[in-house]
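Structure provided below as structure tokens; questions to follow.
Which chain is which? They are A, B, C, D, E, F, G, H, I, J, K and L, in the order written, and residues in each are numbered from 1.
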Amino acid sequence: MPGNPTILVLNGPNLNLLGLREPEIYGHETLADIEEACLELASELALSVEFRQTNHEGQLVDWIHEARQSADGIVINAGAYSHSSIAILDALTAAGLPVIEVHMSNIYRRESFRHVSYVSRVAQGVICGLGGHGYELALTAIARILRSGD
Amino acid sequence: MPGNPTILVLNGPNLNLLGLREPEIYGHETLADIEEACLELASELALSVEFRQTNHEGQLVDWIHEARQSADGIVINAGAYSHSSIAILDALTAAGLPVIEVHMSNIYRRESFRHVSYVSRVAQGVICGLGGHGYELALTAIARILRSGD
Amino acid sequence: MPGNPTILVLNGPNLNLLGLREPEIYGHETLADIEEACLELASELALSVEFRQTNHEGQLVDWIHEARQSADGIVINAGAYSHSSIAILDALTAAGLPVIEVHMSNIYRRESFRHVSYVSRVAQGVICGLGGHGYELALTAIARILRSGD
Amino acid sequence: MPGNPTILVLNGPNLNLLGLREPEIYGHETLADIEEACLELASELALSVEFRQTNHEGQLVDWIHEARQSADGIVINAGAYSHSSIAILDALTAAGLPVIEVHMSNIYRRESFRHVSYVSRVAQGVICGLGGHGYELALTAIARILRSGD
Amino acid sequence: MPGNPTILVLNGPNLNLLGLREPEIYGHETLADIEEACLELASELALSVEFRQTNHEGQLVDWIHEARQSADGIVINAGAYSHSSIAILDALTAAGLPVIEVHMSNIYRRESFRHVSYVSRVAQGVICGLGGHGYELALTAIARILRSGD
Amino acid sequence: MPGNPTILVLNGPNLNLLGLREPEIYGHETLADIEEACLELASELALSVEFRQTNHEGQLVDWIHEARQSADGIVINAGAYSHSSIAILDALTAAGLPVIEVHMSNIYRRESFRHVSYVSRVAQGVICGLGGHGYELALTAIARILRSGD
Amino acid sequence: MPGNPTILVLNGPNLNLLGLREPEIYGHETLADIEEACLELASELALSVEFRQTNHEGQLVDWIHEARQSADGIVINAGAYSHSSIAILDALTAAGLPVIEVHMSNIYRRESFRHVSYVSRVAQGVICGLGGHGYELALTAIARILRSGD
Amino acid sequence: MPGNPTILVLNGPNLNLLGLREPEIYGHETLADIEEACLELASELALSVEFRQTNHEGQLVDWIHEARQSADGIVINAGAYSHSSIAILDALTAAGLPVIEVHMSNIYRRESFRHVSYVSRVAQGVICGLGGHGYELALTAIARILRSGD
Amino acid sequence: MPGNPTILVLNGPNLNLLGLREPEIYGHETLADIEEACLELASELALSVEFRQTNHEGQLVDWIHEARQSADGIVINAGAYSHSSIAILDALTAAGLPVIEVHMSNIYRRESFRHVSYVSRVAQGVICGLGGHGYELALTAIARILRSGD
Amino acid sequence: MPGNPTILVLNGPNLNLLGLREPEIYGHETLADIEEACLELASELALSVEFRQTNHEGQLVDWIHEARQSADGIVINAGAYSHSSIAILDALTAAGLPVIEVHMSNIYRRESFRHVSYVSRVAQGVICGLGGHGYELALTAIARILRSGD
Amino acid sequence: MPGNPTILVLNGPNLNLLGLREPEIYGHETLADIEEACLELASELALSVEFRQTNHEGQLVDWIHEARQSADGIVINAGAYSHSSIAILDALTAAGLPVIEVHMSNIYRRESFRHVSYVSRVAQGVICGLGGHGYELALTAIARILRSGD
Amino acid sequence: MPGNPTILVLNGPNLNLLGLREPEIYGHETLADIEEACLELASELALSVEFRQTNHEGQLVDWIHEARQSADGIVINAGAYSHSSIAILDALTAAGLPVIEVHMSNIYRRESFRHVSYVSRVAQGVICGLGGHGYELALTAIARILRSGD
């Protein structure tokens, strides 16, 4: 979709297991389902979406560096690394792009070590607790941000 | 709009000043503008929206109690009371309705006393940092929650 | 009941919902039931009881001020405000009357932010975890205190 | 008093000195006086009361174990051990009986190391600051609990 | 006194009891006496003074909002709310007026929970421990600030 | 079993209740069962085992002192005293024997006050969460330590 | 060894250096020696053992994901990552297999930052301080757990 | 000015640089200017003022000791030593004179290590954030205190 | 030694091992040697000394209660219980006798959990780090205190 | 440069972006420029320098292991991993080589989570805040250390 | 007194005021009285005593340095500097002489900031709460230490 | 050396003892040796160096004030005062000169109270753990800073 702004959607550790385990708790939605819904919405929003997942902190840092050249915004669910990774914080700061942080669950209702996110220190917006739908809201938000030039 | 689910949108202290002060920082969007955007979106989503603001903690508690009879969901930006009000937490718990928490700014990038929200302990979802647009995303989210029966 | 000592029984936020929600947890006893039991017991103890509830912190302060003229003792369940209200602590200190603090639930078995009560700093006695019966015990206790002149 | 429910009233360290020291502060009421008042009230309430005191933490644990066979409820003033004894907490948990915690003084108005009680983590109710009268209120409360089957 | 700058002097919870209780501790000076002394001094300083008291946090917020239109400076003794009210902090920040914080007692010599004041985060100056005279010094200070254009 | 090294197996408060309460949680294994399994294994390992339980901290200290003369190693489950007893730590340090600490449950998954063990400061090894089997593993471990002269 | 349950034995950072450095402290036992002892014991216990080591946190997460398909239990010495990796905790939780945590040294006798292990939050049992022998005890324990169906 | 009460005005480290550095921040007022304004006001208030500055903590202690003989009150801006000097606290306590603490800036708006002042533990009043004018208010306050014999 | 004031010298857990273990560290002085030196010095000071040791906290409390009748002062080395026993603190407070606390080692140079002593909250004097000689200094001090009537 | 001691210069996450972003803040010096300056200086100092960068924590651990065979000293700027990586600390400890830690910026002037470095626990020297020049000073320092055999 | 060991007795800030203020609290004993008692005792103990006082931290450091040449032991009451001076700790460590710390009052019964002493980290013994007599006990202790060559 | 930039090298408490004590630990290098090496290097770098030492905090403040007129940069090893002196921090901030902080030892490997340095808050660079050589590196660094005009 040439000419459209590109959004990099990054997923951190264990998110590849979504929908494959404990469906009675997490639902049947897989990461692939979320990706599909995002692509569909992206098309409506005239965005290009690049969707990735890794369990490696360093890989997330590498991808964020890449985004400096190839993307116009970042939607990131850094999973467990959100709570400990200063490296990801520094990479996002260096990227200088609009960032929306997403979490499937409401991290503020879970163990206290999940209440702090280094990503939140650099993200423009934070959306959590809304499952896969949160990614769609994040795309909607970043689309508006890019449109408004803010 | 009879038959539509009703969402109570509650706003806490100082939010009545939105857009009236420091527009270079907070923008020119007033609370009335946000209300208008919400009403318009509500119509698309087949929701009834009731929009209120108060500077009094006890008033927020009273309104949440009322919602037990008259509403199907709550979107709340409790402002400064988010960080200290156990009374609002207890009222929301008693209400037993889906709750989405909204903040205009990204509270996790501000002073550390704004990083803790009692509302987050009971909200299903939290959206912050996206300005008035966050209210619209919250309505979208609560509409989906009501539809899915979750 | 002229000539009898007057006890002001104050109830804070959300206590108006007692018995109306989650009866399987909190039981079917309403605040009105508790008031009735208190009035009956008061009559046995030769006390006059004035029973009130509000969701507003400032209202509680106002009522405590009033008590300086019109009451001989205070039984107070300040609910969520117990854990945060220095204003109520100061008002009770200024009132200079015997104070018994009551909580429906055992607050020391709940979240840690409920373990601290400013009211406890000024109350002569604390009774918690005994449901509505705790109010009756509190009246019994304050009756004895008034009789002993302690 | 065969057939009556039996309540074990346990007293921890230094409570044997009640009334024997600093009567201008603690009053002239001795532990024997309290026991007597409890026995009298027990008779009214159709309870059997077994009253004991020890300065040894291990002895309190032993007695609580005993209560599993011989008692229907426990009223305990564990004194200084309240603030440090996980062993007593575990014993009370294992006993599986209704427990009411009593303190002569309002521990929340004293040094901060007295503000935390391990006993409160397992007790159904807590009564403090009401001197020897607190034991009587505790018996009244436990009688009602046993009657209600709660 | 048309043309004179207007100073709003706000008083928080329990300050209405000044002089009415424990005169051996707090002296016989009432809030009305302080108001009178302030009005007299205001006249010397060519200031208009508006003097108010409330026990309600939300009322203080409302009055501060009002001051944005009607006052040139604020002298505030928020009493117990000083130590917990982020709402008042936010209102004062939004007001954008010079603020002087006053406390009757030296709060730094009292309980540790009185050592932190949210008002101090936005006040230009803080005066405490000097009783009613502190209000007069605050007016003197704000007069100089307004004269210097600082 | 003359000539065999002797291992003192010490059990602290409430362990005498194992298997007698809440079997659906703790299983049906009693302390006597564990002792029997230990004696059987000890015979295979050519160890002499002395097995004891007490609810008294001082008794544990006395027994550890005894072990200086009569034992070659200590396996200890100090129960609740693990988390608070410096006296037991000092006694074990003075004993100068190999020590293996055992806990039935995984203490690191329970309340935070159970996460710290003074016994762990002096134990060579720690085994927890494996129920009665943990004692057998501890004997196996201490047998190897004694054989290796480490 | 078809038909035998499979245990994945995972080793984290720096464990590849065992026995190669400071043998006067850590002994001459290498990770290969431990693997060999484990394989030998596994054969006795009718277990299949898969033994791996990596210095990469993400690799440990990947391997744990794999184990969901290919293993019946996990023995893990996550080394330094034990103390900081929420990602490994989440992966182990998702795996839903019995987990035994092993540490060569007694981590509770070392620097305080080694006293907390995220792995302990999900492990059924923890064994530490017993060197390479700890792995053998862990295999013995997991064999019994698998046999008992617990 | 024989017969007038004498006030010792003490200034701590770095205050000698006032007005000499960063005038765009601190203004052009030097310590000499403040001294001059104080002397002028002292004359109106019928006070004798002795004005001193030192960078040495011990010197401040020596001067406070001297004041026991030669002064009737102390105004002190202990600068950086306010936050760490127990020696100055002890000296002021021993002096037994009325003390007013002054700070040029509002220390509660600066780094958190400046929020605690040992001087505040002994001062009757605290004035901060009002620049050199704060010294004049302090003199006014101490004059009234001396007049009232309080 | 009839007529002489009686000093109870109490020793807590593990002190019975003095001189029997690690003589290269603790020296060859046994508790019996210290007792002997104390008796000799007591004779010079015209004091009666009663010297006791126990490993049981409850026993120490019992002995302190006894001292209320039979002693004129207490010298106590509560060993490990110093750091955790509120029961001993309360007993000493109730005893109302002069108390000198002794420790063989300098507890402030050891692990941080040994830096806090509940005994110090009630002791008139504290002597530590001087080995058995500290007991003699304590007797000398208490003799002077008794002589001076302080 | 055969025969020269070899220094491994390791760079952690985000250091590959030096000079490429925000040159007005970080300057135009790239990591390649720093490498070049180091190689030039190394030649003067008769050192061999091996210069590497990675965003992966595990890779840094692998390289440090390698250094045990192939290097005589390590200069390390572990970037964000400095503040959280116990794995790198353990690897450096195992390496047993002289280590100099470098940071481009003065980490003690930044956010508090950057004030703690695990690398500092094992480094012989720490140099920070001096930009790329810090690497040159580190090489100078390690050269002297190697010469002095310290 | 040639040939006698020399003890430097150092006194810190505010100790020069002993006996001159609040005699009803601190008694009438002056520092000169204490010095005289020390000199008398020194003569009995065959010690030379050099007695000094200063309010300057740096002076105490200078004097301790001097002691390296001219003294055989140090008795020090560093007063308020005990609680904050790392410089004095370092000087005493460098001096390498036996040190006894003295405090007039029992610092552990006062404000919590007086509970920590840097001097205690290097002192062999600590004596507090025994007034001027504590200095004499300290001299007695240091005499024995010097005799024993310990 | 007229025309050369002047660097003030300041040394705090106890540094005068370098090389005179515990040479097996600190080496034989005295402060005079370091000064000599600095002077020699300064000559190469075309700097003028003024080298001073004092044990008095106030003296360091005085010298830093002086530097405002007479120096172009400051190298400072404030020794123990680094960890507690806000006065030195304020003086260095006021000086407005480039500052390099030096420590002989790696303070981050010592007691935790040495891990915080107020000097680091204002220093451009920090060098520690490199002994006397650290001073030379600091001079090299400051020379480059002065040359670059940064």
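The rule we apply is simple: contacts are C-beta pairs under 8 Å (C-beta built on N, C-alpha and C of every residue); 3 or more make two chains touch, one makes a residue touch a chain.
Note that the coordinates shown come from a computational prediction; the quantities given were computed from them, not determined experimentally.
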Using the touch definition from the top, list the chains contacting both chain B and chain G. A
Number of hops, chain C to chain I, where each hop joins two touching chains: 2
Dup interface of D-F (contact pairs over half shared, numbering-based), picked from C-D, A-B or B-E, is B-E
Starting from the mean Cα coordinates of chain K and chain L, work out the distance between those two points in Å. 32
Distance between the CA centroids of chain E and chain J (whole Å) is 56
Could you state the distance in Å from the CA-based centre of chain D to that of chain G? 47
List, in ascending order, every residue of chain H touching at least 2 other chains. 56-59, 84
Every touching pair of chains is listed here as A-B, A-G, A-J, B-C, B-E, C-D, C-E, D-F, D-I, E-H, F-G, F-I, G-J, H-K, H-L, I-K, J-L, K-L
Counting only contacts in the complex, chain F reaches chain G at residues 106, 108-109, 115-117, 120-121, 123-130, 133-134, 137, 140-141, 144
Within their complex, chain A touches chain G through residues 12-14, 16-17, 21-22, 54-59, 79-81, 83-84, 113-114
Residues of chain E that touch chain B when the two form their complex: 56-59, 61-62, 65, 68, 84-87, 89-91, 94, 96
